[in-house]
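Input: structures, listed below.
In the two assemblies presented below, subunit A is common to both, partnered first by subunit B and then by subunit C.
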Partner chain A sequence: MNIGTRKILDRSFTALGIGSIVVMAIALLIVLVPIITNGIGAVFFTGTVEHRKMLINEFKRGDTDKLAEEIASSDRYRSTVYKMLTGFEAELDRMPPEKKAEYKEKYSQVKPALQALLGPLPGDPEPMLTRFKYGQTRWEKAEEKLHDFLYESKWDNSNPNVMSKEYFVSRALGFEGTTLAQLFPYVKENIDHMLLPEFTVYWGFITDSSVDSHFFGGIWPEIQGTFFLAVGAMLFAFPLGVIAAVYFTEYAKPGFFNSMLRSANSTLAGVPSIVFGMFGLAFFINTLKVSESKSVIAGALTLAIMILPTIIRAAEEAILAVPKTYREASLSLGSTKWNTIATVILPAALPGILTGGVISLGRAAGETAPIIFTAAVSVGSAIGLADVFSSPTPALSWNIYNLASEHEAASQIRHVQYGMVLALVSIVLLLNLSAIVLRARISKKLKG
Partner chain B sequence: MLYYVIQSNMIKKLLHLAALLIFTAVGTADAATNTIVLEGSTTVGPLAKSFATYFTKKYGVRVTVSESGSGNGAKSLINNTCTIAAMSRAMKEPEIAAAKKKGVNPLAHVVALDGLSIVVHPGNPISSLSKAQISSIYRGTITNWKEVGGPNARIVVIQRESNSGTQESFKELVTGKGVQITGNAETQSSNGAVKSRVSTTLSAIGYLGLGFVDHSVKTLAVNGILPSVKTVKNGTYKVTRPLYFYTNGQPSGLVRQFIDLPRTAAGKSMISELGFINQ
Partner chain C sequence: MLMTADAREISQRAPAQKATRDMYIPPARKKISGGGTAHISAKEFSVYYDEFEAVKKVTADILSKYVTAIIGPSGCGKSTFLRAINRMNDLIPSCHTTGALLFDGNDIYGKFTDEVLLRKKVGMVFQKPNPFPKSIFDNIAYGPRLHGVNDKKKLMEIVERSLRKAAIWDEVCDRLDKNALGLSGGQQQRLCVARTLAVEPEVLLLDEPTSALDPKATAKIEDLIQELRGSYTIMIVTHNMQQASRVSDSTMFFYEGVLVEHASTAQLFTNPKDPITEDYITGRFS
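After this line comes the complex of A and B, so read on.
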């Protein structure tokens, strides 16, 4: 090959390498930027007075005196709204029947739109569900609801051959000539006096339990559940994995049986996680009955089986990477085999073993499929350590899926879902970072 | 020597941690028996979740809810791994037989009524279909909105997975039990997923529990009648079904109280606030 071609090949290979790194970086950015920007919105946002009311009522947190002042000031503006409503209701009663029916129909949409914005109106029965007890707690949601209040969405189906198109009609126009017409500009004008938006930092999103299936409150039970499941899986899988790796590398005699075991282990590493989930349900819950229902322990055991092959492989590689001279030096000093393994080989292999362990921990924290049938629930309070043997738990990975697809009001609480995603990604990133730091520190000590 | 120190320290710490975990766990284990575990239907999900929140607040009992489908609820009750199975259909004969074999005696408690709502995109000019037309759409004999008086657009048929009680009720009430649903139908695994698919697809049709319907989709009248509190209750809306809680035998104590929630004032208002119908 002449030198020119070789140079071209060399350059194009470098370009390909740089190109793939750039593509990866862009992909990472595309994934991470929305996760971070949206996720942060769960903690930092523009909260309304309704949010502060909710915090005091549900969590006894906040400044009661300041809130009382705020409520008084917001009520000054709201009372005008309520007066307009009662005024119009009286006017409605005086109308001729056919006109009354027409306006009543339109008016029946106005009230719910206003309730969605400001919370229950005076005279409304006290709602049972917390979600209906407050108006919009977040300003950006309030703006959406304000639009719904001001404009009615209609569908233009004048052309029977195509699907209808959406268009908006001002509700104020529909009430022209009645006293209610002035309500709409008034609400639009004074909405910030009624809701008092204010920049809010809500750390409770991380430390609070959810209120009324994630409408308000935080995600602490999910974070805790994820933590219990991942650590529980580690408690089972890590010692077992290291012992198995020691057996494979130090004790097992090469042969058919050994190679069968190794290939079984490799196969296990490639089994889809949902299979482990079904296995966990059938084996740990229905056959062994480790608990009466789904439970943290059943989930942790299932996850442990899932991450075991990875831990074994990582530990094996780490042990094999220990220089032969270490072993020989130890044995030549009269040390026994077991003593050599425990005092020389394992400590020297520790960085590699731990890295494998922590990466598996991250995987256990992020998996959904193995815990669907063995541990995860969509609603449940934070559990104590004592309950891990009997209680299922909410967990981040499963609840993200649940909020994305199954929740009855998924579109209203997207911020919670994004917050959960950010929390999960941060936990996994932190675990991986700690693996790197741990590895560096131990390597340094060993060289020391 | 250094290695040994590192390692023995670590092992000691690990042992301490493990001992601590075991002791705290054993020490308070008996406090954990008061958990009510609900498993099953995604349609009953909002009700179950609200009841659970209310119950936990009032009695301090932990109640967990998972929404994995009616079929799963039944299986969990048969295997005795849940306290209450939430189901949007009645238990089938084979399920009851399987339960009896395992010494489980499934007992149905009606929670609320649900009008199974046939929904389309709000941009769809169609506002009413007959039961026969819906059935034909799902069997695949009607494939274009033109055939039922709408615009020329292929119908995107959305159904639920086989584990779903809503799917079973839909078949029973609309198409007939043994009928094969068209192979072109798309399967979604929860009410929420059906709703979001229909609300983003102009030519889609799907079905939802009444409590899941909101402004993002349009409910069709079936044989001219829209589902509402009145029409479901008096039976004029034909695609109506009860929602159930199943227990193993007559429940007692706190489970009994939980089962009886739908008949208390608090339970009734939760049911109607969530858009379901008190029986």
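After this line comes the complex of A and C, so read on.
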């Protein structure tokens, strides 16, 4: 090959390599940036007086005196609103019947919109669900609700060939000539005074339980559940995996049985995780009856089976990478095979084994399918260590899916969904990072 | 017996023996007391890798407390023979043996031989220095710990004694807790010798111990062998004929798996009986 072609080939390969790395980096940015920016919003956001009210009522946290002052100041503005409402209701009674029916229908939309924005109005019965007890707790949500309050959403279906289009009509126009017409500009003007937005740092998002299926509160039960499941899986899979790897590398004699075992192990690594989930349900819960129904222990065992092949593979490779000379040296000193493995080979293989282990731990933490049937529930409180044998747990991976797709008000709690995703991504990244650090430190210690 | 006669010859050898060829004759050696009996004896001993016969029907006696060198061209089976003595060949699944190889009169490949006990008595130092990735102290203490010494004070004694015997104590005494991989190649190799000595073997097998070392480190290892001569039965495989003639009392010459000649070093290098030996030591092939 002549030198020109060779150089062109070299350059194009380099360019190809750099190009693919750049594409990967961009893809990663596209995924990570929204997760991080939106996820951080679950902790750092502009909270309203309703948020502080909720914190004191539901979590007994916050400054009661300050809150009382704030409520008093916000009530000064709110009372005007309520007065306008009662005034309009009185006016409505005096209207002729046709007009009354027309306005009543419009008015029936105004009241819920106002309730959504500010919380229950005076004289309303105490709502059953916690989510209706408070107005908007987050300022950006309050702005959305304010828009809903000020404008009526309508759909333009006039042209059947074009998709219907949404457009907004000011509600104030509908009440032209009545006392209620003043309400809309008044609320728009004074919404700050009624909700008192303030920059809020809510660490409770990480440490609190959720209230009313994630409308308020935090994701601690999910974090704890993920931790229990992943660590539990590790407790089963790590020792088993290392022992299996030692058997494969040190004891197994080459032959039909051994190669069958190896290919079984490789196949196991490629089985879809939902199959492991079904297997876990069928085997651990229905056959072995490790628990009555879903439980942390069943989920952990299922995850353990799933990550076992990866751990075996990593450990096997790490053990095979230990120089033969260590083995020879140890044996020549009169060491038994087992002693050689325990005191020389495993310590030297430790960085590789641990890296494999921690990466599997990350995988166990992030896996959804195996725990759907065996361990996960969508809403629940944090469980104690003693309950792992009997009770299921919420977990991040499952609840991300659940909140985003099956929750009755998925669009209302985007910040919780993003917060959960960020929490999961951070946990997995931290685990992988610790694997890298651990490996570097042990390798350094071994190399002297 | 032939070999006992050899031994007498070795111990009675005059220091100022005249060189008939251009050979380096080692300086006068101290006399060895209590040595000279057959420590290891091979009888029609063969080693096979699958069908290939790597060592062919070797019959020889290795004398206790003396230094025996094994020389021969690459692939002649000298390393295989050496590794057969402490059964390191067991690590190779395809390897098997016929004939008898006796250590202190017991068959090394006998049914009831405990290879772990055997390796405790027959220590080995390898071609490439292979300290464990542990501290210097832990490297030396590894063997004694295996054999049940756990008392810290006693271990320290053993470590110091072994390192002193291997002539490396002065270089490492102030950094026993440092990783052994931080030492130079020559130091590592002497550390490996010390590690082997720490389990108090009777036989020391050296498999080309200086081939990975520079001349200075090589000289130190050779001095060390001289120091140890008389205390241990030493067998050394070497490609370096000067080294064999410098350090050994008797020499075995292997060629294509056959033990061609086995005689006192002085005799083998000055007056070889076999023409192949002569060709080899005069450098006609290697």
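Just so it is clear, the second predicted complex is superposed on the first by the 444 of 448 C-alpha atoms of A that agree within 3 Å, B and C clash if a C-alpha of one lies under 4 Å from a C-alpha of the other, contacts with A are read in each partner's own complex, and residues count from 1 in each chain.
Note that contacts are C-beta pairs under 8 Å (C-beta built on N, C-alpha and C of every residue); 3 or more make two chains touch, one makes a residue touch a chain.
What you see is a predicted model; the values in this text were computed from it and never measured.
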item	value
First (subunit B), second (subunit C), both or neither touched by A:224	neither
First, second, both or neither for A:383, with subunit B first and subunit C second	first
Partner chain(s) touched by A:368 [first = subunit B, second = subunit C, both, neither]	neither
Touching partner for A:327 - first (subunit B), second (subunit C), both, neither	second
Touching partner for A:335 - first (subunit B), second (subunit C), both, neither	second
Which of subunit B and subunit C A:348 touches, first, second, both or neither	both
Touching partner for A:446 - first (subunit B), second (subunit C), both, neither	both
Subunit B/subunit C common contact set on subunit A	343-344, 347-348, 445-446, 448
Subunit A contact footprint on subunit B (complex, rising order)	2-4, 6-7, 18, 21, 24-25, 27-29, 31-33, 35, 37, 39, 42, 45-46, 48-50, 52-54, 56, 62-68, 72, 76, 79-83, 121-125, 150-153, 189-193, 196, 202-203, 211-212, 214-216, 266, 269-270, 273-274
Complex contacts: residues of subunit A adjacent to subunit C	253-254, 323-336, 339, 343-344, 347-348, 445-448
Parts of subunit A lying in touch with subunit B, wherever the complex brings them together	125, 127-130, 132, 153, 155, 157, 159-166, 211-213, 235, 285-286, 292-294, 342-344, 346-348, 350, 372-373, 376-381, 383-393, 402, 405-411, 442, 445-446, 448
Complex interface listing, subunit C residues touching subunit A	86, 88, 91, 93, 116-117, 119-121, 123-124, 126, 128, 130-133, 142-143, 146-147, 178-182, 192, 195-196, 199
